[in-house]
């Protein structure tokens, strides 16, 4: 296979042999991935398969940002965690890191046991090549996006609720939109899994697809879901890919005259931003 | 939530609370799932997410059929296993069962540490409500299908290779085709992951979708991929759903005058059947 | 009169009797020859959306967080409220999800 | 002459220069007004498939294990070799996968 020039050692060639055989990926893809660093924001329903598959695939440095502890009600979908971790109330980052290293001790896994905030966002994203948004709330989605734009990082964004899921890659190339281009005004009354529920395997499917997109973006292989969105309906197993707008010149983050910058971001009030609308009523939960 | 009438106890209500909130699933869906039994054939790349998500979702009895041991070259995609299991050369059924029970000790997990053969196929499938084909070779795919037809079981069939995947539900209702209706004559020179390779997350995505379909079939919720096939191209993240033929009246398994029956199946020579074509050349691996 | 396939998802279907797909016939405004998305929104409000219109509409457009797709394309690519809709078009209204 | 979108996948693309999508113009047989799938297979063999035709064809049909889809429909639903193909149709040849 001629791996030496790509810096793969013998155990790596053995471990990744099935991937090295894939023409589109091969030794070059594996070599790039082994040097890549990916930050996963959220070690929950989406983050579980993202982390398991990125660790198994051999991403050189895997960051995990989460400030929650494992609970019983996580276990139906957060398959990276265990009953033992829930009973002990272990931090999700610790539980997830242990699982990743059980699969692949040759990669580096970094715990960021903290909430993703305006104040720490830029410091968190800067060391990484690709950011995966596997979070579960609107405020975090905006701060992660804005930090990616300011720091110049591609963002793989997934979401799941009920029997539905959505997936897109933002800000990965010139002309591609960022999350804020798509949603300049935050929604009101957004529903969360804790309120509206989610069938456990739905974030499993979306998270696995996020891992794929993160690998493609990190290695430059194939066509990522850039300026496209995948919309998934689990009840009918319908998967639509739709075409999204390009970058918006008026976007507060990635536009021609951004108001969100390395200077302003750390003091931007995301909690106020996402709750500024006066209409409080969430969509009904039937 | 009024769970008592569905037989969910307090820990179950806590564990599955996010799923119970999903209107289309709810307490009735969870109650049915907790009484259901699903057999997963193959604890490899596809079987890993199938087993993790079915265990987490609370399938009452989960069967695992596999006769392999865990190896290093499995770990890039078979995320249910660990380095420790590969080093010890543990059976995949044992490694997978332990992982399932770490997530959910309240379900029953049954190891079938055996190859799926003509001789044991009917005994293996009969105790289960739904069968998931997560195997990795042509002969097993035919014997699993035939056993499902003879025993009257629905089959959730997935496959992955390289950067591609395929998924379908067979024989789950009158008029739906079985695998043999689709492929009455076996292919020659079928490529396997060991020869042609596979990007690890591709079976992850297909396997997660198989878990979803198995849950839908077991609970009667939504529209499974019956007489439909999902075709997945990971390079472009393209997911197509195509319409398949109906049951074939001339099918050797499910047709009007089947030659494969409870009497003939156990002595059917599947190895010979899948290699009967004289053309030996497999598709090239570039 | 144009016949349009409407789809609501991401939770919006709950405002429409929990039905995701609707085939509807929408008339042009008096004197107009085309039906625009803006006309469609008015028609939906008057004919399909019986309660809590504020969950779907804001001013003369859709509520923030709702993505509008015309034949699998973001409506930003074809003129937003001024996009014409034609016989057989599919218009999807989807609420973005934030769970994980 | 009809213009057809051809797609090869599941490994079949390796027989076609590792290119999955081809836009081709296929003439009708002498005296015929329609192009049938059987004509398309002959045309592919003569014009697109330069080597190892036995990996794609068997007799006058496709090799076992290859699924043929005409506009996202199994060709069994529309007449197999006798299905007509029209301008703008998409015909997919996909080799079934068995790996896991």
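Going in written order, the chains are labelled A, B, C and D, and every chain counts its residues from 1.
Throughout what follows, contacts are C-beta pairs under 8 Å (C-beta built on N, C-alpha and C of every residue); 3 or more make two chains touch, one makes a residue touch a chain.
Remember, predicted model here, so these are calculated numbers, not experimental data.
Undergrad: Specify the chain pair with the maximum number of C-beta contact pairs.
TA: Result of the pairwise contact count: A-B comes out on top.
Undergrad: Between chain B and chain D, what's the gap in Å when you average each chain's C-alpha atoms?
TA: Taking the mean C-alpha position of each chain, the two centres sit 30 Å apart.
Undergrad: Could you grab the centroid distance between chain B and chain C? Build each centroid from C-alpha atoms only and quote it in angstrom.
TA: That pair's centroid distance is 39 Å.
Undergrad: Counting only residues that touch at least 2 other chains, which ones in chain B make the list?
TA: Where chain B meets two or more other chains at a single residue, that happens at 23, 162, 193, 196, 198, 241, 286.
Undergrad: Could you list which residues of chain C touch at least two other chains?
TA: In chain C, residues 18 touch at least two other chains, as defined above.
Undergrad: If you go through all the chains, which pairs of them touch?
TA: Every pair of chains in contact is listed here: A-B, A-C, B-D.
Undergrad: Note which residues of chain A are touching chain B in the complex, please.
TA: Residues 11, 14-25, 49, 52-53, 56-58, 72-73, 75-79, 81-84, 102-105, 162-163, 193-202, 204-205, 208-209, 211-213, 215-216, 221-225, 228, 230, 234-239, 241, 285-286.
Undergrad: Along chain A, where are the residues that touch chain C in the complex?
TA: 42, 44-47, 134-138, 141, 158-162, 164-166, 182-188, 190-193, 196, 198, 203, 229, 231, 233, 240-245, 277, 279, 281, 283-284, 286
Undergrad: Which residues of chain C touch chain A once you look at their complex with the stated criterion?
TA: 9-12, 14-15, 18, 20, 52, 54-55, 63-67, 69, 72-74, 76-77, 92, 94-100
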